[in-house]
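This structure is in structure tokens; I'll ask about it shortly.
Every chain is named by a letter (A, B, C and D) in the order it is written, and numbering of its residues begins at 1.
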Amino acid sequence: MTAVSQNNSFQPINLFEYEQLAKQHLSPMALDYYSSGAWDEVTLRDNRAAFERVKLQPRMLVDVSDRNLSTSILGQPLQLPLLIAPMAFQCLAHPDGEIATARAAASAGVGMVLSTMATKSIEEVADGCQNFQNSLQWFQLYIHKDRGLTRTLVEKADAAGYKALCLTVDAPVLGQRERDRHNEFALPLDLHLANLATISGLDISHEKGESGLFTYFAQQLNAAVTWSDLEWLQSISPLPLVLKGILRGDDAVRAVEYGAKAIVVSNHGGRQLDGAIASLDALTQIVTAVDDRAEVLLDGGIRRGTDILKALALGAKAVLIGRPILWGLAVAGQVGVAHVISLLQDELSIAMALSGCAKLQDIDSSLVKVSKHIE
Amino acid sequence: MTAVSQNNSFQPINLFEYEQLAKQHLSPMALDYYSSGAWDEVTLRDNRAAFERVKLQPRMLVDVSDRNLSTSILGQPLQLPLLIAPMAFQCLAHPDGEIATARAAASAGVGMVLSTMATKSIEEVADGCQNFQNSLQWFQLYIHKDRGLTRTLVEKADAAGYKALCLTVDAPVLGQRERDRHNEFALPLDLHLANLATISGLDISHEKGESGLFTYFAQQLNAAVTWSDLEWLQSISPLPLVLKGILRGDDAVRAVEYGAKAIVVSNHGGRQLDGAIASLDALTQIVTAVDDRAEVLLDGGIRRGTDILKALALGAKAVLIGRPILWGLAVAGQVGVAHVISLLQDELSIAMALSGCAKLQDIDSSLVKVSKHIE
Amino acid sequence: MTAVSQNNSFQPINLFEYEQLAKQHLSPMALDYYSSGAWDEVTLRDNRAAFERVKLQPRMLVDVSDRNLSTSILGQPLQLPLLIAPMAFQCLAHPDGEIATARAAASAGVGMVLSTMATKSIEEVADGCQNFQNSLQWFQLYIHKDRGLTRTLVEKADAAGYKALCLTVDAPVLGQRERDRHNEFALPLDLHLANLATISGLDISHEKGESGLFTYFAQQLNAAVTWSDLEWLQSISPLPLVLKGILRGDDAVRAVEYGAKAIVVSNHGGRQLDGAIASLDALTQIVTAVDDRAEVLLDGGIRRGTDILKALALGAKAVLIGRPILWGLAVAGQVGVAHVISLLQDELSIAMALSGCAKLQDIDSSLVKVSKHIE
Amino acid sequence: MTAVSQNNSFQPINLFEYEQLAKQHLSPMALDYYSSGAWDEVTLRDNRAAFERVKLQPRMLVDVSDRNLSTSILGQPLQLPLLIAPMAFQCLAHPDGEIATARAAASAGVGMVLSTMATKSIEEVADGCQNFQNSLQWFQLYIHKDRGLTRTLVEKADAAGYKALCLTVDAPVLGQRERDRHNEFALPLDLHLANLATISGLDISHEKGESGLFTYFAQQLNAAVTWSDLEWLQSISPLPLVLKGILRGDDAVRAVEYGAKAIVVSNHGGRQLDGAIASLDALTQIVTAVDDRAEVLLDGGIRRGTDILKALALGAKAVLIGRPILWGLAVAGQVGVAHVISLLQDELSIAMALSGCAKLQDIDSSLVKVSKHIE
């Protein structure tokens, strides 16, 4: 592994140490924007606590000399059961922004979900990855009030080779992150919403008042979207549809019935509805409800390879990881993101070895026992 | 929203921040009186903890572009499922006292329950609200040893347009708030029990010793009141009867049988019987026992819009909020109370949007999962 | 109430404040001896925590204007369902020692259990109470290796008017209280084991090394005592037998079968077997097993009137209280003990009023709900 | 007991105090190596917490005047149900290293498991114990990639009189202890892997980089070992086979079927798979699955005599203790180890007396109640 800081004797060896180190590389406003959750941040904390409530029951005396961590998602190969979650404004962390993230993901063979709110465009990100075989990008979107804008984004993503549309369904309105409100969070003047600015002329960077982002959502995002709008979305694009933000079994069943090929069990990293159930606590009911009719992914609180193991044991096909990628990006750009991914890969590999799992298919529900917490 | 402090750069954006700010506006004795609970304050803390034990399972892809937060209580319309709990001595927080509180409530379309122990009279409060259409006041009372006094209060409330009698049933004797005992809590000389002083000549402001309030209760309140006394109360007034302080299903059934039109599940904000069950933990059994024969309200620990959502999901028709109103009143009088209400309104509206509820009727029990705590 | 410290402005208003104040009146060695539990003090803490896990569901609209807190134990009247637990060496706390304690108990109409390890003799304590009608003393004893010594003690207790023999069954060996070991705990030269010294010439006050008390136990107490020895004990005395230190239902059944008239559910205040179940957690199974064939008492962790209410709701006939009595004794001798008792009495009276209980017989199991903790 | 520090007034009286004292006798690198667990050390902490969740229900009025703590393991007598767990590099703690540990164990009549990674050789340790009758040593091993090396170790252990082979099955790869990684843990130049260096020429003491130990494992240990390799191991040695590191009932059944005579329920002291179930929490299912077809031992978190009692009550035949032995070794060599053992012995003896158990066979499952934690 390339060292992340050549002239710095401290090398982070886990994702928590990256978080600490990133604080030295980010403005307070950006750090707050990235790290905060909604309201009292109960769900933010519970996402982590849920992993600690799950105990592992490892299997011994299995040949684990060769571990295979690869899988496929929607038919596309991944070297790890891992995608990078969609996150806005990555140029706040590093000038290379989403391009650095995408290149690190592609080089490691993990997926990346590009945010509609990216500070690099759909095409720039795709171009940045063109030298990587089998690189996997999805495009995250909302159904905007302006359907033409939505259609344009979808068409651009398809044209640029993105492999799926990841529709965020848990943000009909924006969650209240109070640190942002106190900071009157806004983008610096030199950053732009690369996808939206060129299409619609929208730009949130110059807004004043509470939070430019809040204003944008209030104006542009469509709180009237319902299940039937998924039909329209599928009618304008051949790309498979992924729904991100499902926390109930009945919603998961509907997602399948309305054509979703994958579901991301997520509470938006605790940034939307504070008090929402930890994503890991919601996983089992959703896996049961879906009953293999779609692929089930999970995000929220993944910080260790053992967390990935636990999520897979409880039925997830893969996981998404968010904030730690930003910490890597802030510390050392593409190299930092790559190092974060590689730390997780090493940890997952060791966790599998120590659990008696040579390949992902060996990870089953007998590996986990859940402490009583949620009825 | 009008700013609560024009020449102060810090604007509270939630009820906890109001609590912090209020400490600068209250005497230590008043702050202690308002904030304390009985004995070891276990119930005071548990009222809050109970909300954190309830997790939300939000519903997605519902049209929540128009949210309707209005409801009715005992046939009277409310813009929010919210009433202001009866609280004594509000002039300790601000010279305008209960009048400011009532005007803020009326302007926001929420109910207000005036305490018998108010420092503004029944008539002053009613007069203060006469310009507001559909303003809703209830009158909180005890059945005093002096039945004539009780009757006089009831008649005044009815004459002044109060819409219900809210009988506090959890205070046959006064709970022991130990900070008040150490402080030898008493009212300042310039404050008066506006309702009682003019009727009975009673005034607790000049008492000495442990606590003037305690002395008053020992002398005047009637620990012999039983269910059959409710018949007398209903015989002297046409106003509907609300019982506040019920914590058991069997008591709730009796309340219905004895004619109560609404029940407030409450432990008096943890100020009476320390060790009592958190009001939220008692809610389900009471809703089940009442079985729609009366309206069920709840108070105790509400500090966020999501708390209101949780209470409604568990079967409450509306909630009452106490201390945070006093913090708003202390910080900025009527404007402060209005801001506190508006913060809760915004939070509830957002919480409903993020849970897939466009109107209060959409809030059902499937939205909540309770962590195991109480058998 | 007589003030406990005339020239001190601070008057404790609860038992926790007495504990704080007592620290100024006790030598570090005596404070450690009184306050410590065995080993890691897990059970000491759990005794308290168990009470916090029990929640009250109070009943409303009951006539509680006259509360009757009196009961009887083994046919003897008590003004409160309270006895003072047997505690050694009370002259460490105050020169009047057990006599002060007994007089305070007698004047308040509560029982007192005199320890074999008392620093005042059986007769001195009885004489001290002769002016109190219906004063109730029990004598706590062990079955010593020296049966003659045991017999002598029993005969003295009977002759002096003690009403029961309270046999401690949880101390076949002495629990390890590590603070005492570090302190090399020993009695000061001017204190004597009043009951034992005069009979047997034994005196632990001059022992050196680890702990004089430990040495005494190792030499004198009989770890070979079994159920059949209870027959011998009953054969030498007409006094009813109380077994203190039972924590299992099957042992409680045996106690009944072997003639015990009352059982004290106790873990010796956490001073014997650390890790033992909290006494309150053991209560229900013992009440069920005994099935009214004996009276069931409880000690361990009682600090509030609500704790007494909870214990009675779970089936205890009365409770014993230990350390807080010593705090009162240390602060102000008999007056301090009396004040501690009166604080508990006031709290129990208020707790009953607030729970809808006019008399002890009204306290039933529907008043309590136990948080899940012990399987 | 010989004092552990003649000219030091502080004598540790429990294992926690030994841990504190040992910090003054160890280099930071050695202290970190000994005390750390894998990754976030969740399992390390949970091993202890699991014991606190188990509550004791002691039996009274049993003749416990003579306690017999002796047992046998695999037909060999032990004075205590205790063995010293295999631990690497004991010369880091004291120049006498494993010899001192073995002599202390032998003199106390407890077993010792010598680590393959010892800094004293198989023969040195055996020679050091030759004056002790019935001294019991087992040899801990891995199945190395180099089968000849493995065979040589096994033959040496048998020749030197070791009574069993204890195969560690939970380390196909080495767990990540992050303090060691930051410290770049390596052995000092004057320490050698006494068993391996002389056979294979391997020596990890001069490695550089992350951790010499990690490098050694990556090179030498065999992650391909499976159940069928147990047949080979049994074919080359008549010694009974003990499997250490089992955490599942199904693995325990397999262990029996493949010929294991004893199983050590263990998560390697929290040093391998962080997040693994606490060993005590796994015990019951394994005892049930084994159904007396093999002897079940446990290690992980034992610090008090009551912990041994709890483990035996839940079905263990004996326990292994690790780190506290190293603390004793660091403080005072053989004398320190002996003192640690004697403290545990005293505590177990007292715990048995206080629980009504005169001999180990009296310890049954009715003595324990488990707080709800693991489903």
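Everything that follows uses one rule, which is that contacts are C-beta pairs under 8 Å (C-beta built on N, C-alpha and C of every residue); 3 or more make two chains touch, one makes a residue touch a chain.
Everything numeric here is computed off the predicted structure, so don't read it as measured data.
Q: Among the chains here, which has the CA centroid at the largest distance from chain A's centroid?
A: Taking each chain's C-alpha mean as its centre, the farthest from chain A is C.
Q: Hey, how far is the Cα centre of chain B from the one of chain D, in Å?
A: Centres of chain B and chain D (C-alpha means) sit 60 Å apart.
Q: With chain centres defined as C-alpha means, what is the inter-centre distance between chain A and chain B in Å?
A: From the centre of chain A to the centre of chain B is 42 Å.
Q: Spell out, as numbers or ranges, the residues of chain C touching 2 or more other chains.
A: Residues 372 of chain C each touch two or more of the other chains.
Q: Can you identify all of the chain pairs that touch?
A: Chain pairs that touch: A-B, A-D, B-C, C-D.
Q: Taking the touch rule as given, give the residues of chain B at its contact with chain A in the complex, in rising order.
A: Listed in rising order, the residues of chain B that touch chain A are 13-14, 16, 51-52, 54-65, 304, 306, 310, 347, 350-351, 353-355, 366, 369-372.
Q: Please name which positions on chain A make contact with chain B in the complex.
A: 39-40, 42, 46, 169-173, 175-176, 178, 181-182, 222-227, 229-230, 243, 245-248, 250-251, 254, 272-278, 281-282, 372-375
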